[in-house]
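To keep things simple, chains are lettered A, B, C, D and E as they appear, and every chain counts its residues starting from 1.
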């Protein structure tokens, strides 16, 4: 093969990233027309962009860094509660948003500092415990959080003249968040930080030998993931306009984010968002039909994906794509 | 009794053996020598069934065993004292010996074999209730040998029994091996300490980079400068 | 290909043609058909179906039959909102639902903004109608109504002075506790203990033991059904013997499962209850039979409330004379019905908005059966009081 | 000659076992020092101590005159210590180039320059043609070489090589030796652990011999190979 | 709380803790041998509860007697799951194993939901509310019986592990897999057996709790968390540790709730769990092997 003689001085990753960047822009552009195309399915649209963003944010730590957090609902809940409670206390909205992000980043820093010393299953176990403790506290500290009765947003002042309760406004806010989340993933995919995250995931000891400080890198990724997730939590709070500890701190919510990433492909730029689309469309499409069976089918999906497509759907698609169009730079001897 | 032919093996994608062959006849003591990384332990792992070979055959008493899992290989009569002794750290000395006779065919004479093991290693009897983790290196090595004998093997494989032991203890271990040999046991020995063990060996094989490069009787090889070179990899 | 296009065009034409008088009136229903509230969702659906059948048997409303579009909220807020949007998009004049307060609250906010009237039949949370919204109506009683009835009974026994409260750690429980505290303050009862517990694996013994040393006259409760039976069994175990056990929050103790689950420990326990077939409301027994037939199982009060709710909606459409949402919303406030569930009307009172002021019943387990003991007008028996201590009961066994 | 690495009275216990027992040695700047000894002598433990993967029970390690005892591996890496692992550890899901880039990022923060640096290292090792293959697809020999490439990508001052030629065939061994020589010419100090003494003897300026965790000999390769104590350690002795 | 109340509270904590211990032992045993954290452990327990419930409902079989059915059923179910779902991926990344058990848990709890409905179910036996008085302290008969059976089961497990060939093979496989193979132990079989035994313990614990509690399809999640807490307190993989961990959790919860923070009851255990992970990841009771 003649290409093999002249090595391409660009890593696959950079090329992939360029392709993904184009794809993201195209997808966001198409999605921007959603409210005009499906004006009667805006609730679905909002949850779609919101969960796609949340799953992408989860994947920063779960997929790229390989730290299986089963407690990301903690950030959704803490973000939503901080924002809502401050907003009720007449704090300006932007300040409330900022505080929500700050609270989650702080939580992530402390939580990560304590539990990143643990590996694998212990980290996953601890993450469940953190979200559960927050749930229990929110449930019982009624004077602050409203307890199990939950909390509802007061009337939100318009933001730049836009009504925040208008589903279209919420949709575009969610779309913006999704864009930011995807851009973060894109950045991770082609930067030093991303290389370090993947190196830690693949082999932490070997990464350390190459000058990577695992605790620091993981903490940064965790905090970034927490910040994005908290913004998603705020939006989720606005969208629901009423929520309770049981709902926003639920283990089910955390698992749903993980599931979206797995189905779409962990540690890929667009996989988690794709997974969110597939799962939510499936769920909404069959809502009345499946009824009780929906979670059962979730379970079966997890088992099948783990067993037969551990790289997720996009991994499968990618492999098929590579089989059809092998990498140009790959020397024949290697295959 | 044991016939290894053209054995190829790898760890994951890393090939280690490139067509090694050797044979052990009933009643013999055969030694396998070679520098580290030559593939000695890999060969042993293939014979005992802990590692699946890539290519080649392993025959024991006329039956092909290369695809058998380890526990079936033991059942056929090959016992192994693995490299690094491989204790069960929080099990007692006696429990190790009882496990040694885990196989059904060895269970019926368990009591008998147990007392024989204690006869052979009186030190173990003193420590029968002690956990393996608390034993000294030499004691652990003795226990590993005694444990292997409990399965009433026809062939005993010893992988680097002197590894990491103080010189005085090494002497004890070799004396024990000699004693076992006197009982009529067929032995395949992997050792680094060639000076001492080649004297005991009926025959020996030199393994270099996954291939057998030299073979002969123990005393032949003992004087052979090539062995020294192969071993020191000079 | 061309044929198919024609077919689609024809379908579209059919869909958009103006409603003829025989067209059914489609009403939206959102309830939990799956997930953790599915059992209650089934009760609601049964109630709605029985009511719809009854209305249609009598010729429907405005000469048109009623058809229910039932959407599942999967016991989940997000799915509930998606369902609401879908129904609103199908131009239903009214939506009934949802079961759980946690799902009803986001629905209430959302549908108010869309100006779609929401008639809720079973959610108990105070805040749904207090302060409420002009578009949100509730048929079921609030915890305040339960507390009113309970304290009417407590007041009638002057030897009762102290109260201990044990509620589930959720919206209903907290609402109940607040109502009880308010009543106690107003009527001068002393609260000697108050605890909330989490649902799920529950060992109440430590808490009950804690109460025991405070010697309350009344133990006021609010629990879901599973906890109710366990709680009374454990009260028996630790011999917590107040003069009265009364379930102010009316979920678990008013269900038949409580009696089967708690066995003899259920005896003498009072409970507020939104509805019982024994209550002397017109057609109550008949409703009960129809519900049993529909469900093939023992119906609960949830089904009766949903039944009452749909009748009220039909009445409002009749009064409005159209299926216009605003007209129906105004007409709902005019509704004054007496049903087999009890009276239904929507009033603004004590800070509530569009709340059915129906009183709560009080029932008591007597010899393994529920007996309606309060209010006297509809009662089927007399209260058994005081509750004998557990030791005495054992002797009598 | 300035001292690159200095180890003093280094000791490490695992439970009751003393794996490294009071070892002293110095490595001069630009030197290649071979570390040899029979299996279980404590060579890998010593490597893990020097590269920060284990904390010494007692003793000190200094690097270019600074005490670095107890520093974590990545801090040492930033100070110029680079190591390979006996059991090679590529990042399997990354390509060869990306594997090396992880290390290159230590000195080059930007993606492009890290890529260039990694490519340069791969070219040095004759691996540039395999840059875009996933590391999991490499043969053992190529993995060993990738391991060296990763270590070199840090532009180390002190390179610790743990059995980088074992398992290679003769021509591969020769090529690797050539690479190591070239690296040294670039001014890098090298400590090499190897079982194949031929390699050590040919490469090293000096040799340190360990047995049972203790240093039993040190000196020129030729002298050490003749040392009866060393021969006994390897081949065993008659009198024991 | 007065002294008698306190003693009473501790006593009921110990009794509940015994059952926690049994759930934890199963989890710990599985982890010790297979290095798998079974996120479906509580769901298996719920399955056990429902089998006992169904047998009681249909045949009026006493829940304690139903152990005779539940134990072999549990072993078969566990062995099946291990063979078909876990064994094929045993060398996969750790998160795959975790997710696989999460998936199994979802399947189990939702199958229960489909079969039995979301409705919580209780059984009422003649002894459900019976108590015995020891001095001023009254204790629940079902809890006492459960505790006694737990003690018997755990003691039996200990005997099996220390006195039988299978038990020694299990411990050997947990401590050194290859060496166990070299003694003739079929470690594939041992893994299957261990997962089966772990599930039997979990399901048996469910049966023992049934007369004192109630069951609903998602009850398992709560117990999975409790089992984690128990095993981490005691040290993952340690059976003795799981016993102490279970008792400790039972007492901490009980006393905490008794002192007037009923709502925070579950939080106590979780916070203790996080603290232990922080300070002593190997558990409070050392890390002695299976």
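In this text, a contact is a pair of C-beta atoms (placed from the backbone, for glycine too) under 8 Å apart; a residue touches a chain by one contact, two chains touch by 3 or more.
None of these values were measured; they are calculated from a predicted model.
With steps allowed only between chains in touch, the distance from chain A over to chain E comes to 1. Taken together, chain A and chain D share no touching chain.
Each of B-D and C-E has its own count of C-beta contacts, and the greater count is at C-E. The distance from the centre of chain B to the centre of chain C, each centre being the mean of the chain's C-alpha atoms, comes to 77 Å. Chain B and chain E have centres, each the mean of its CA atoms, that are 42 Å apart. A straight line joining the Cα centres of chain A and chain C is 38 Å long. Chain A has residues 136, 139-140, 292-293, 295 in contact with two or more other chains. Listed for chain C are residues 35, 38, 169, 196, 198, each touching two or more other chains. In chain E, the residues that reach two or more other chains under the touch definition are 113, 263, 266. Chain pairs recorded as touching, per the definition above, are A-C, A-D, A-E, B-D, B-E, C-E. Across the complex, chain C meets chain A through its residues 33-35, 38, 70-72, 74, 76-79, 81-86, 89, 101-102, 105-106, 109-110, 113, 125, 127, 169-171, 173-175, 196, 198.
By the touch rule above, chain D contacts chain A in their complex via residues 51-53, 72-75, 77-78, 82-83, 85, 89-95, 97-98, 101-103, 105-106, 109, 111, 114-116, 119, 128-133, 137, 150-151, 153-154. Residues 10, 13-16, 35-37, 137, 160, 162-164, 166-168, 170-171, 191-197, 209, 228, 231-234 of chain B are the ones touching chain D in the complex. Put simply, chain E touches chain B in their complex at residues 162, 165, 168-169, 171-172, 175-176, 178-188, 288-289. Residues of chain E that touch chain A in their complex: 37, 85, 88-89, 92-96, 98-100, 102-111, 113-114, 221, 225, 228-229, 232, 236, 263-264, 266-267, 270-271, 273-274, 277-278, 281.
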